[in-house]
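These notes open a run of structures that come right after.
Next, two complexes with chain A in common: one pairs it with chain B, the other with chain C.
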Partner chain A sequence: MGKRLKIYLPFAANEMKRQMAYKGAFYLFILIDLFSSFIRYYLWMAIYGSSGQEVLGGLSRSEMVVYVFMVYVTSSVVMISISTKVSDDVVMGTVAMNLIKPIDYRLSLISQAFGALMYRFLVPCIFIWSGLEIYKVTVLGLTLAGGKEILLYLLSCIMSFMIYVLFDFCFGMIAFFTTYIFGLRLVKEALLGFLTGQLIPISFFPKAVRQVFDFLPFSSMVYTPVMIYLGKYTGSTLMFMLLRQAAWVMILYLLGSLIWKKVTKRLVVLGG
Partner chain B sequence: MSKWKRYLRLYRVLITQFLKTIMQSKIDFLMGLFGFFFNQIMGIAFLYLVFEQIPSLKGWTLDQLIFIYGFAQIPRGIDHLFTDNIWLVAWRLVLNGDFDRYMLRPMNILFQVIAEKLQPDALGELLIGTILVCRALTKGIVITDALHFVLFFVSILAGALIYTSIKLFFASLAFWLKTSGPFLQMAYEMADFAKYPTEIYAKGIRFLITWVIPFAFVAYLPASYFLKSGTSPGIIGIECGIAAVLWCVAYALFQYGTRIYESAGN
Partner chain C sequence: MIKVDHIHKDFVSPKKYPGFRGAVKGLFSNEKVIKKAVDDISFTIEKGEIVGYIGSNGAGKSTTIKMMTGILTPTKGSCEVAGINPSRNRKENAQNIGVVFGQRTQLWWDLPLSESFTILKEIYNVSDEMFQAQMDFLNRVLGLPEFFDRPVRTLSLGQRMRADLGAALLHNPKVLYLDEPTIGLDLVVKDNIRKAIKEINEKYQTTVILTTHDIGDIEELCSRIIIIDEGKKIYDGSLAALKEIYGTKRTVTVEIREPEKVKNLCLAEILGVGQEDCTASFDKESSTLNVTFNKHKIQVPQILSAVMERVEIKDVQIQETELAQIVKEIYNHGMREGS
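Let's turn to the complex of A and B:
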C-alpha cells in the first residue's frame, strides 16, 4: 500500500500543480459554471413563487437553494472527466507508452483526477460552500450543517467521485472504436445533467422513471451526497444509500477491468 | 458590384473545399448534430417536469415557454453555423501566429476567417428551434398576421447578428490579450439567461442581459412580441438598432486589432 502510494501520489500532485498554472482561465470558468447555478436558482424561486406551495418534490424553498448550490459544489468536485485523456491517448497512440510502463493506466488516471479534485475543493468549492452556509443561517434561517452530516457527505462524495471516474473510464474506451467522441461527450453531459439530479431533483420525476433510475449508477453520483447533506436520508435508508454507492464502485471497477482487457487485445498503434 | 460577386464566388469555393472534409467523416457530423439536438431536448424535458407542479410561471404557460426556448435556438444556430471560426481567433489563431496568413491575402480579413468553416453541428440547434416554433404554430399560440410573419425573419437575422457581434467583440480582445477564449466563453454563456423570461431575475442581472450583453433582445423580448398581442413592434426595431450598433463597434474593434496585430514567434 505504501509503495503504491509512492508511485501514484506524484500523479495527483502534478495534476494539482498543472491546474494551478492556468489560474486566470480557471477563475473565469468557475464564474461560467456558477452562471447556470444562478439561472437555476432564479428559475426555482420563480417556480416556487408561481406554485403557491411551500414544498415541491419533497424540498422546501430554502432547501432548494441549498440543493442548487450544493449540486454545484458536489458536481464540480466529483465529476472530473478522464475520458478526454483516455480518448486523446488512444487517438494519438500514446496509450502504448502507458502499456509498457509498469504502472496501472487506470490508477494513474484516477490519481490525476484526484489531484484535480483536491484543487477544485480548495479553490472554488470550499468558499462557495462556506458562503452558502452563511447565507443559510443569516437569510434562510436554517441551522448550520452538523458535523455528522458533513462527514457523511464527504464520505459519500468520495464514493461518488469513484463511481464517476470509473464510469468515465469505461466511456473513454469508446475511443477504441471511433475517433470522434466530441458529439458523444455532449450527449453524455446532457444525459448526466439529467440523470444525476444536477438539473432537477430526482424526486420530481414520475414514480416509474425513478424506479428505473434506482437501477442506474447516476443518481449515486450527485443526488445521493446532496440529499445526505440535506439530511433527507436517515437510519436504514442512509445505510442503504451508502451501501449502494459502494456496490456501484465495485461493479464499475470490475466492468472497467473487463473492458480494458478486451480492448487492449485488439489495440493497434502505428509508428514507434 | 463586381467586388461582391468576387466575394460570393470565393465563399462558394472555400465552403466547397470545407464540405469535402466534412464528407470524409459523416459519422462525426451526425454525432455532433445529435449532441446539440439532445442537449436542447433535455432543457425541454426540464420544463415539462417543472410544469407537472405548477400551472404557469410568472404568467407564462408551458407552451409559451417552449416557444421562447425554441425561438432562442434559431438565431443562435444561424450564427453558430456561419461564423464558428471566430472562436479560433479567440483561442489560438492570434496566440500561435496563424493569423498571419489572413493578413497576407488581398481579401477582407474577417471574410477569410468566416469563410474557412461551416459548423454543421449547428443544424442540431436549428432543427430543434424549427420544430419547437412549428409546434407553437400548430397550437395556435403565435400571432400570424403578415407583419408578424415578416418581422419574425427580421428578428431572427438581427438576433444572429447580435450573436456574431458579441462573439467578434470578445474574440477581438485576443489582439491585446493574445487569447480571449475564456472571456468569449463567459459572454457567450450569458445567452442561457435569455432562454427564460427575464422577469424571473434580479434587477442587476436583468439590466446586464438587456443592455450590456443584450441577449434578452435575441430571444425573450422578440419572442414575447410574437406571443402577446398588443406588444409594440418597436421591440423588433430596437433589436435591429442594437444589432447595428453592436456590429459597428465589434467590427471597428476587430479592424483596429488587426492593425496592431503582431505575429508570434521569431
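Let's turn to the complex of A and C:
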C-alpha cells in the first residue's frame, strides 16, 4: 500500500509547484475569498446588533466571528475542485494521456488536490488562523483553542477534504456525458454555499430543513469541522459526527468507483 | 506480442437534423446513430516488428490504437498485448507500453521537462541505475539536454515531440505506439525521430506500431504495413509485396534530339505487347517521350534499344511507381475492387 501511494506523491508535489508558478492568480483568489468573508462578518455583526440578542442560532456574537473566519480557513483547504480538471481533461481529450499511464485516475486527481491543500494551508490559512486566534484572545477575550480541539479539527478537516473531492469526482463524471459542466458547476457552488453551512450556519435553519441537511454529505464538508473547532460537539455527539464523516468517505469512494467503471466502458476520447 | 481478434468499436451518438427546425427536433428525438469506427479487424504482431498502420483520415487508426492501449473498450472482440487484456487490466498493460500521440503531450505542461521525467520515473517505478542508463541513451539519440530545464509549454513542436518520445521510452516498454509522431515536423527533425525509432527498435527489440500520413516514415521504418479503410482491414503484408502487386507500372522518360521523328512511333507494336502494357506520350515543350510500361512484360533495355534504333537521345530517366501513388490509389478505390 505504501509503495502504491508513493507514486502519487509527485502529483501532490507538482501541484504545489504549479500553484506557485501561477501565484498572481492564487493571491487574487485569496483576496476575493477573504473579501467575501469580511462582508459576511459585517453582515452578521449588523444582524447581532439589530436583534438585541447575544445568542443567535446557538452561537454567541464572538463565536460567530470565529465561525465566519474558520469557515474561510476550512473551505479553502477542503473545497478543492477536481471536477474542473476532469472537465478540462474531457474537453481537451487529455484524459487519454492519463489513461496510458499505470496510475489510477481518481487517485492522481486526489493527490493533486492534496498538493493544493498543503499549499493553501501553508500560505494563507495558517496565517489567517493564527491572526484569528490572536484576535480572539486580545479583542474578544476568549481563551486560545486547546490542543485537543485543534487535533480533532484537523482530523475532521482531512475527512471533509476526502468527502469533498470524492463527491466532486462523481460530479465531474457528468462531464463524460455532457462534455461541458461549467454551468452545472456554478449551480453546484451556489447550492453548496447553503448546504455546507458556508453562508449561514446550519443551526439557523428550521428543524425540518436541518434534518434534510443532516442527511446529506454536505454538512460534513465544512460545518462539522468548524463546529468541532468551536467545541460545540462533545462526547458521543462528537464520536457520531466523526463516524458519520468516515461513513461518507466510504460511501462516496464506492460510488465513485462504480461510476468510473461505467464511464470507462463508454468512454469517448475527443479530438482524434 | 500483440494479438487483435475480430475487434469492433461502435460509437453511438444522438441523431442530428439539419437547420434550426432540426435542432429543435433533436431536443425531442431519441434516435441514435451508430458509427462503426472499427469493423472486425484482426492481426498478429510479433516481437521486434515495426508495423505501419495506415489509412485515410477517420479510417479508425487511432481508435484501434486506443483499444490496444486500454483507453477504449472494444464493443466486440478482444485484443491482447504481451499476454494482457488492455481494457480489463489497463494499469498492468500500461507498464508494458509506451505511447506517443503526435497531437497531444503526456508531459506536464507547466513544469520543466526534467520534472516530467522525474515524475515518470516514480510512476513507472524505474530504478536509479536504469533511469541513468536510459537517460544517457535518450539524451544521445534525441538530444534532450538542450532544452531539459525549460518548461514544456515553451518548447517548439519538434523539441516537444522528441521529449514526448523520450517520455514514452523511459521505462523501456515492450510495445511502442506512435500515433503520427512526425506530424508537422521539419525534415531534419523528422529524420532524427526516424533514426531514434530505428535505433530503439534495434537495441531493445521494441515492437513498434506506427500510424502516419507520411509515406517517408513508412518507407524508412516499416517492414510490414496494415492498411485500413472505413474500419476494415484491406491490406496486411510486407511493403515489398504491396509494391509488387500495385507497383507494376514503371515509367521511362527519354529526352530526344529530333522530336519530329517519334511522332508516329508505336512502341507497343514494335515490342509486340498490348496497348495497355506499354503507352507512350510525347511532350513537345521539353521534347521528352514518356513511356509507361508493365515491368513484368517488358524490360527497360528493350524500350531503350527500340527508341535508340530510331532516334538520337540526350538523356534517360527511370521512375519506380512511388508508394505514395499506390497508397493514394488504394484510398481512392479501396482494395476490394482493386485486386
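Basically, the second predicted complex is superposed on the first by the 269 of 272 C-alpha atoms of A that agree within 3 Å, B and C clash if a C-alpha of one lies under 4 Å from a C-alpha of the other, contacts with A are read in each partner's own complex, and residues count from 1 in each chain.
Please note the rule applied: a residue touches a chain if its C-beta (ideal position, glycine included) is under 8 Å from a C-beta of that chain, and two chains touch if they have at least 3 such contacts.
No experiment lies behind these values; they were computed from the predicted model shown.
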item: Chain B versus chain C as contact partner of A:36, first or second or both or neither; value: first
item: First, second, both or neither for A:208, with chain B first and chain C second; value: neither
item: Residue contacts with chain A in the superposition, chain B compared against chain C; value: B
item: Partner chain(s) touched by A:14 [first = chain B, second = chain C, both, neither]; value: second
item: Partner chain(s) touched by A:49 [first = chain B, second = chain C, both, neither]; value: first
item: Partner chain in contact with A:264 - chain B first, chain C second, else both or neither; value: second
item: Overlap of chain C and chain B interfaces on chain A (superposed complexes); value: none
item: Residues on chain B engaged by chain A in the complex (per definition of touch); value: 25, 27-28, 30-36, 38-39, 41-42, 45-46, 49-50, 52-58, 121, 181-183, 185-186, 189-190, 192-193, 196, 199-202, 205
item: Chain A-facing residues of chain C, complex; value: 11, 62, 66, 69-73, 90-92, 94-95, 97, 99, 101, 103-106, 108, 110-111, 115, 118-119, 122-125
item: Residues of chain A that touch chain C when the two form their complex; value: 6-7, 9-11, 14, 17-18, 21-22, 93-94, 96-97, 99-104, 264-269, 271-272
item: Residue ranges of chain A in contact with chain B within the complex; value: 24-25, 28-29, 31-32, 35-36, 38-39, 42-43, 45-47, 49-51, 53, 56-57, 178, 180, 182-187, 189-191, 193-194, 199-200, 204-206
